[in-house]
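The structures come next, written out as structure tokens.
What follows is a pair of complexes built around chain A, which joins chain B in one and chain C in the other.
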Partner chain A sequence: MNEQSKIAALNADSEPVAFNAALAEPFNVLIVGVGGQGVIMVSKVLAALAQAHGFEVKQSEVHGMAKRGGAVFSHVRFGQRVWSPTIAKGEADVLIALEWAEGLRWLPHLKRDTGVFICDTKRIVPPFACLNRKLGAKMRYSTETAEQVSAYVSEAYAIDATRMAEELGNDRAANVVLLGALSTVLEFSLPEWEKTVTSFVPKKTIAVNTAAFELGRNWIVEAKTATPADDAAAKAAPVHAHYSARLEITDAWCKSCEICVKLCPERCLTLNADRIATMTAPEKCTGCRLCEWLCPDFAIRVHLDTEAAVMEAAR
Partner chain B sequence: MHTPWQAATALKSDAKELRPLTGNEAIARAAWEAGVRVAAAYPGTPSTEILENLGTYPAEDLHAQWSTNEKVALDVAIGASFAGSRALCAMKHVGLNVAADALMSFAYIGVNGGLVLIVCDDPGIHSSQNEQDSRIYAQLATLPVLEPSDAQEAYEFTKLAFDISEEFDTPVIVRSTTRLSHTRSTVSVGLRCEVPPRVFLEKPSKNVMIPAHARARHLVVLEREAKLKEYFAASAISQWEAGDKSFGIVTAGTCYPYVREVLPNATVLKLGASWPLPEQLLRDFCASVERVFVVEELEPIIEKEIASLGIKVEGKRFFPRAGEFSPEVVRGGLVQAGILPAPPSLNAWVPEPVVRPPVLCAGCPHTSSFMAVRASGARVAGDIGCYTLAVLDPLRGIDTCVSMGSSIGNAVGMAKAGEPKPIVATIGDSTFLHAGIPALIDAVYNQADIAVMLLDNHITAMTGGQEHPGTGKTLRGDPAPQINYEALIRACGVQWVKTVDSYDLAATHQALREAIAYRGVAVLISNRPCVLDPIKIKGPPLEINASECTACQSCMNLGCPALTWSDEWFEGRHRIKIDPALCIGCTLCAQVCTIDCIKIASSPVTP
Partner chain C sequence: MFRDAPHFDVRDYLRKEMMPHFLCPGCGHGMALRALLWALHELKIDRDKLAVVSGIGCAGRLSAYIDANTFHTTHGRPLAYATGLALARPDLHVVVITGDGDCLAIGGNHLIHACRRNLKLTCLMLNNEIYGMTGGQVSPTTSETRLTTTTPHGNTEPNFDACALATAAGAGFVGREVTRHVPKMKELIKDGLQHPGFAFIEVLSDCTEVYGRKNDMGSSSEMVLRQKSEMRPSAYRDSVDEPFRSTDLPTGILARNHRPEYGAALRAAAAARAAK
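Moving on, here comes the complex of A and B:
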């Protein structure tokens, strides 16, 4: 079991939700992920199942921008009578996440006392997470730990669905692994699940998707009986010597070719009034040395001073 | 499925079947059943799927087409109505701005074959440039607007709209919202009933809007509105649901389910039509309760109308005028109004959210265009499409974006106002055909010194990949004549026209420099298909030789989602890795890598 799978074992004990009470209050499932992961397919399967069961179903999602790697979410509500198509904060009975950070984003929507959280540990890091070019800067991606999550929700499963699907030879089946996991939480019969899932996947992929479904289902059953793994101390983040970058430009050697200006990734150089390369945004310079390497006349030297060296020089 | 009510047309088809449909699918189904012969639209979220769906019904039953813009689409539908067929036109809210000119006059003319205009608003601005309330257009044009609250009603109201259209000699607007259009629920559907087409009505006093005719027609329109008020007062689509007498809620459309969710036992007047409003019914309802609230998204249209009757009414004091409603918003307003007790605070844990806006796809051909635009140091008038996403870091290639087709006109204005930087307008192929051509002619005519970059990705990508006149295919996928952009642009009077391959970064940079250097209007066509639609393009992924990567971050300036920081560091900077599942092999990153450490992944040995 990987590090995050521990949450599963930490708090997993409840029985499937019994629908026989006829669901006077609607049952709320929130399915979230990133564009292209198959969020909508999961919600369609669930909606079809609930409808076949005779419930009124509303399935609501906002797409459009979603395809292009943005956050995607779909609300599925079913019961005797469903009014609002959307699930209010703190009202979701189940939260299924196809991506780790998206799962965390929507956690506040889960019912605190009874909500079930099923989350793929897959991490899709958006380009936005890598914008801070400061030397030693960290990626802007969720840092919440499994412990924080398990302290918040009553029942949580972190499952390597994408890796499991990859091992089956089709990473696109990760959402079906999660459907398998979901099937242990909701009281629809296994044949109903299998029939509905197969009707929503391409014919050629029925075998791999059936396997994926089984995997997800069995994984939860196992996780429920497993004992919590020991808390391995979180991997200490590597420490990076703090550098500061400094440019030394020999004006007399610069022949105004503008190569450095055009190729500096941080766009921090310009030609001044005398058409000599000058540093205009020193705070942006990462010390990548491209200007030094590319200048045909060796007019630029880049110095990366470590903090210690800076202190030394000051002394 | 709670409407105790049936559209008149529905009587004609009695075979009922239950289907899970989105609001848009339900509207398409209803239009088909109502015997629509001609349907036209220009794509726009959240309305796009209506025509896409109509295109799946038999071609013998109806002609469904993408038009070049919303005004053309409405004119096509109007033409079909003139010719005696039932016609449908669909658009997003801002599309109605484009089509408004035709709509205002057609409101005077009225219909021959029934005409229904579906307008999908976007409260909350999920995918638009604003959140205007289309009901104001109905008011302005003196037209009826129906507001369904779920997919079943979307189906029933659309059918009813055709009946109203023909009975009252009026175009009818059916207003949806993003939430309704994209929510799937069970709909009880019927069969198509063929409506025999009428013959062309040769009546210039009705069909030709010259001042003398228009003056007379305006009076007819006002009379028609009075009749519609009476009709809606008596119609079952105005639902008075009795309950607690201490207060009553007047609501319509998608707000109704939120009200019911929060107040299951309240007294509610659910209006099926939010214009024109049934005066007497409103008076009676308001008199029956102690306090009256109006719950409506966006503008206070119903609220103002009730207030104008001299009735004390509360609404926008408690329910916001901006953004989408939800059960939480409705509950919040009712708490503020003292109707509901404050809910216990959730005290929810809020994990630090990861910023995840939509981004250009890995390998998107727009990427290189905006690398070149950014490097050119120009002032950039942007436009609407996927490429608007280039406004975000790291591409940051756009200075302005107003509405479809605005870029070129904006650029002309900037040039004439003496903007010191060189000026570039960037515009997508579909947007160019939609509203860019008149602006380009304007630029030529007024001899503006601008460069236009036509981003030709061979599809209408932003809205999910619809065909247009440049793709050589119709809505149903049949072959169609294909626009020759270079010839078209030359015919507009542009002397400098050049096409480059978007995947050739150096050539794109070079050509853009030339276009900017050219004095006058220069058009550079950046040409490569979208990698997502109509077919998903996937070439062999590239790979970074980690030991060589100096972590200079040059490649990260592309904003390609397949590129990300690896766990390795180099001199305090993150080295880069490529996600092979996302990379489509466009080679742009390899082209910008100064170290030349990006290669095709484990490439097969070539002889």
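Moving on, here comes the complex of A and C:
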């Protein structure tokens, strides 16, 4: 089924549109994220849905140079008449971000007084934001908390969509969790949403994507009805875990082959007087696990403890 | 990256009373065993539903260290035993661990017929180019000019490309990896375990004490580092560029086809006969 016929099939039995008349001015949705997350898929679903409703739709995207890991954005505009395919600064009605820093980057495009900001708290840290290889080292990644952002935006939701999708068994369904969240903002009917979503996802993943959609939709409904205290908890800052590495070496199993000593990228290990591998520079260890993987005698085990766990152990 | 890693502890899958294992310092077989256990862990294969069959040799000994149903069989015959086991118990995941001498010399016949039948099995061949356990005799995969106890002036026989052999014999899944890349090896073994047919995986391992010492290849860490310069990664498999020597072996998934699986075909034929 190609996309044209998908849209035609949806057209055949769609209900008359309730907010058709209200959209004399185009409705602007900006979808941003990182290559490979499914930004284009979200915009396709939205465009097909709006088109099936009889709206004029214009969509514009940048994805070619991004590949996996680069910035991707997609403008979707729909209404009775749409002239330009791109959304100007301060004109987006809804901003959906599949990645935290990408969401912040595009915030100026959102309408200051009425815009809705829906953002996954997923953090994809680009390599050039890492200043050194030490565990827990500072990096050039946004430090804004969700609370600070919500003070700037009229309506903001920081939703941990990737974790929700992971719990469903497929982290790639995170974009559909966000579609579920988006469905509470737009006045398309629920069956239409589900029909469009299922027509765009691979057949094998329809069940998980339907569940993801429900999850995202319910999350927003709950966030809207929550008391302010709960609300603050829901909008908590994305926690960046600081890890520290700790090596557990089983001396009795070590056969002094020196592979760990010679292959450690940070040169943290040496053989002691008994020719047993020993950690001599724990502060340099980045927890890369190379020693654990390459130890043919299973004598090394790398533990990556979060800062919280370290504090707990010290107590 | 870090979030999913901590859950795998190889020691959960080992018979700790057998440790430390008998392999020499720096032997690559330990890394291959880790990759296999890691793959089994990630696929959440129940240990009661896992049967590891192995033959004789350094690689054959590995089954003894796995805390699962293990079967240490006669020299060259693990594939024959495993064929019987997989046919009688199609509910089991049968994994064969074998070495280059075990699989290609004494068991060469069993290998080609196992490939031809395409029974659902995973055969992990650890290739260290030598008979390490018996004192370093030449094996079918020993490279030309290499020194062993039986080729004191250098090997003059051409060696086998085990993956090409398995592909030609009709194996459903054929792959090769080096011990240096443990996570890649794990991914390859995972793909092999999920393949609905005969999966042949060759792991290029280091024999540091015998092969390395006889051929003056340096310490075990130097041998691990050497793997990087001598292997051609799968991304460059079709490359004819100069940086790779003509003797380099390609790694990664080398063949994948979906021929009918032997066990299912045999059961269907038996059911059809019973229905008559």
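We take it that the second predicted complex is superposed on the first by the 199 of 315 C-alpha atoms of A that agree within 3 Å, B and C clash if a C-alpha of one lies under 4 Å from a C-alpha of the other, contacts with A are read in each partner's own complex, and residues count from 1 in each chain.
In the analysis below, contacts are C-beta pairs under 8 Å (C-beta built on N, C-alpha and C of every residue); 3 or more make two chains touch, one makes a residue touch a chain.
Nothing here was measured: the structure is a model prediction, and the numbers come from that model.
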Chain A residues touched - chain C or chain B, whichever exceeds: B
First (chain B), second (chain C), both or neither touched by A:Cys295: second
First (chain B), second (chain C), both or neither touched by A:Lys111: neither
Touched partner set for A:Gly287, first chain B, second chain C, both or neither: both
First (chain B), second (chain C), both or neither touched by A:Ile259: second
Touching partner for A:Leu304 - first (chain B), second (chain C), both, neither: both
Partner chain in contact with A:Lys224 - chain B first, chain C second, else both or neither: neither
Contacts of A:Ala129 with chain B and chain C, given as first, second, both or neither: first
Partner chain(s) touched by A:Arg246 [first = chain B, second = chain C, both, neither]: neither
Which of chain B and chain C A:Gln51 touches, first, second, both or neither: first
Those residues of chain A which chain B touches in one complex and chain C touches in the other: 243, 262-263, 287, 289, 293-294, 304
Contact footprint of chain B on chain A as seen in their complex: 34-35, 44, 47-48, 51, 56-71, 81-86, 88-90, 101-102, 104-105, 107-108, 112, 125-131, 133, 135-136, 139-144, 148, 152, 171, 238, 240-243, 262-263, 265-266, 286-290, 293-294, 304
Chain A partner contacts - residues on chain C that touch it in the complex: 2, 5-6, 9-11, 14, 19-21, 23-31, 34, 180, 182-183, 208, 219-222, 224-225
Chain A to chain C touching residues, read off their complex: 243, 252-253, 255-259, 261-263, 287, 289, 293-299, 301, 303-304
Complex interface listing, chain B residues touching chain A: 1-2, 20, 45-46, 126-127, 150, 178-179, 182-186, 257-258, 260-261, 326-328, 331, 346, 348-361, 375, 386, 389, 392-394, 463-464, 532, 550-554, 556-557, 559-561, 563-565, 569, 571-574, 581, 594
